[in-house]
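Read from first to last, the chains carry the letters A, B, C and D; within each, the first residue is number 1.
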């Protein structure tokens, strides 16, 4: 993500892009949701980290309506209402507070996985695409190999081997995620390689590394930015599947996917327990997809599928 | 006809497609395409050589060989006594000719990086010369002025320019280092007629000012006639006729040259020119003997079986059994 | 000789979020049976938009308005051009496109695509519905022979990507022979072809007029090419017709400054004989409402920038310029 | 390039991918794993069990020897004995895989039908209400977590309206057919066990629909956009110009060309469905490969996890191969070069 930020900073028209984005109602809706989600995550995340450092974990729920850990058995399994807008769970904990408390881990994992994918995939994809030949063939085989494994299965195997938990989930997801970026970057590198300005650069005495730096990174990132935005939602979706299977943050920490799994026992009578976290994931993923689509409309370019 | 540019029996072939493992297993031979086939040419400093031919004649490949964007399979290309280095070779970085051979491409929209400013684009050939920044800027502005643009373009981007302006930028980039030789690959064929004459005039003016040597690639006989000092007519990878422009355009000797020149529509004549039949055969499987015989109005038996050799007639090289 | 096309004051405007962009402005012309009208213009002149207007294939965001639009005796409702022209496409109007490799479906054999044209002819002329498979292959091959395609028995079963550009344009002309359209619109049909092939294809195109009395609108950017093909010539700039007249007259004695510039910028000398004459500047879409050529015109007066001159008739020629009248 | 050259190349590629999959799992489980013996035996295994495992998997021998035995056993589908189910892993997979495949097969057909028709419909009505509705639907499909799709279907169709059974593979009171092909539905037909056939079909609908619900969006979207591309292509204009009827223009010319990107997507959708089936089988208590995999995962049954994932990887590679061949059959540019 760091790279993207520096390059979008350099890109002068980024304010203009923002205005164009906000002009469409659906994209504006998505953008607002995303901004709310990430800014909330930053605030809440900082509070949680500081709280755990100074030994006052209650700092983590100072902004929340309820303590996400404290059971109130008298309040258990309440329907969504004005006091508990998403209802309560079997121990009487406010589901909305637990969802808000869990937000930073999802935000962090989406940024790290997408950023890691762009870094690893970008490096490998650009070099493979530009150099061609054997390097490229090996790279193609490698990415195909990783893509042949259904992502969830590969992540499950990785976690079965090394252990369960948030960090393991993150590592597993980076491992399953980079090949798609390697492919995108490779396609970009091949597209740009055939441009005549690369020939001109070669005739100007630039080395291949110079050319990748000067002519490839910026346009490739430009093409990949919409896809990466959309992917933020995909990562959150995917992580929720892992945590649904118990492969994410371990209890008692709340986690959107694992909350769904916990609620299954109380389904269908106390439906909100499982459905509410699921709906939140859906909304955030839709928001990311809307913004990604909007960005692609503005930056131009075709639809990319890995 | 000179010794500044010497092309000596150059051949370049490509595989018609990539070789795969299945071809290995099935023992399939992949056909070769002889894009450039035994071409020898010579040119003086400061002159313009036009490579004239239809698509598939190998003129663009020859142009890319001359600047070192491709590596010849056999034969040599010398510029000013120095062998042209291939840009992918390690020796390229040490060569005296590095950065001294430039090329202007046909499609102005793909020849400029859309993400860079004009200043960055035009200064690109200078960045490896380790010059002070203000010196670079001065040379960039000078090059821009030479192609008829001014300082105000420095911070613009290619997308803001018209096709003709982009081609001017590409020319500025090619001449900013005062190169030895510039290959111009159909620089005007993507432009409007009214812009084409502007660019052609500009190229002639720059050549006179800087004493540049041009290799000009085109399929348009009218453009060739205007700009050429020497013309090499190419057909299926071979030069079928080479001579000074005056000679070739006034009295074409090779039947293909004759057909090419007579196919140019004449303004103010309401009659379609007569022309030969057939199309350029595939380079994968060229006809035996003289490659032109299936379309040639004068084809003899000899033409089908025997490949004509280059003969020199009145200061001109022709590959035809008629002579 | 009847009129196949009669168009008066045609305006075509693209509606974009950034505003309306006029592409064709105040264009009036007629086309007689068996006549070839050459339309010459540079990029941005609106010539391709005009071609798409006459075929009703414009995109949705385009507004078309005309005082009169009469095609083959039918008054056309310009508010729903696509629909209004539906019954005319095929045996009424046919079009040959610029890029041969894009103009046939890559997944369908030449035979089937030609058979579609045959099916249309039978449906529109005789009211009989045929399937594509009912068409006799030998009959289709006859048409290919008439356009001098090499090995028609083999070529007809090929897919488009196996043919050369010149051959595909011949297939398109063979379709025209099948349909016998009253109007053929050829939008730069030879621009993508080699020099010699281009002349060959034009020979085939011209034979259509002799054999089936088609009227052709031949659109090109190359005024020299237009001069050897067309009977009448219309020079287009910035969406307007600037000069319309008999081809030979226009070329021998061009009246409009743009036509003069266009003809004289064809390279016609050696560089040792001096520089080519050029039209200075470049085409910029103007918004002042004046003559679009005024910024590049050496005869431009104040009025040229403010007002657009009307089309005037001078010696059988139509000129849009303040220099005349 | 002839079609055979193409197919052989793809087959070779598929073979090397399968090899790669096996090597990849080997790397994970033998090389990168901090303590392979405890991975294979489970973290809480007794020392004697661990010793047995070390012998069984040759863990005390050099890596290339380990790789040799691993490759041999994997390529012969000999994945060892599951410590949790106390049964050879290959037998487990032979039982559970067909159940998942029949689920995914039905889901793929549903997905293809919904995706292609809604995409073509949206393209035909571009920028109209139909298009916006389809766009909203495919966005939701695309962003829908699999468990949410499953729960919503269960909640409304099974619990609230009672149309279909909410979970399990068939009515447990019915006698299940003997496994002949392994596919319960086909076995029921073979045995003419009609009550079981109808029951298992009814139980199949909801999970298959849930899988289709999370997958059709991508197909809708690509059909729509490639359809729009081809509707604006010159060859469509030229077909319209030669008077081809509208139905043939859309369904023969445009749709045929739009199918090419869809075919290349099918393998991706298959892979995505396998991921989704892990979740959906858990929720519907549908005892397929996904259910087997999660159960094995919770019970530290590593041989089963590895066996399942190798088989799944092979299935995806084969699906890719089939898509490649289909692609070559449809597009003459591949076949004829």
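Here is the rule we use: a contact is a pair of C-beta atoms (placed from the backbone, for glycine too) under 8 Å apart; a residue touches a chain by one contact, two chains touch by 3 or more.
If you're wondering where the values come from, they're calculated on a predicted model, not measured in any experiment.
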Chain pair with the higher count of C-beta pairs in contact (A-B, A-D): A-D
Geometric centre distance via CA averages, chain D-chain A, whole Å: 24
For chain A paired with chain B, centre-to-centre distance based on mean C-alpha positions, whole Å: 50
CA centroid of chain C to CA centroid of chain D, Å: 52
Two or more partner chains touched - positions in chain A: none
Which pairs of chains touch, using the document's own definition: A-B, A-D, B-C, B-D, C-D
Residues of chain B touching chain D in the complex: 17, 20-23, 25-26, 28
Chain B residues touching chain C - in the complex, by the definition given at the top: 54-55, 162-165, 192-198, 200-201, 204-205, 219-223, 225-227, 245-246, 259-260, 263-273, 275-280
Contact set on chain D toward chain B in their complex: 1, 4-6, 8-9, 12, 337
Complex interface listing, chain D residues touching chain C: 127, 232-244, 248, 252-253, 256-257, 330-333, 336
Interface residues, chain C side, partner chain D - complex: 55, 57, 59-60, 89-91, 93-95, 97, 99, 102-108, 113, 116-117, 119-120, 123-124, 159, 161-162, 172, 175, 179
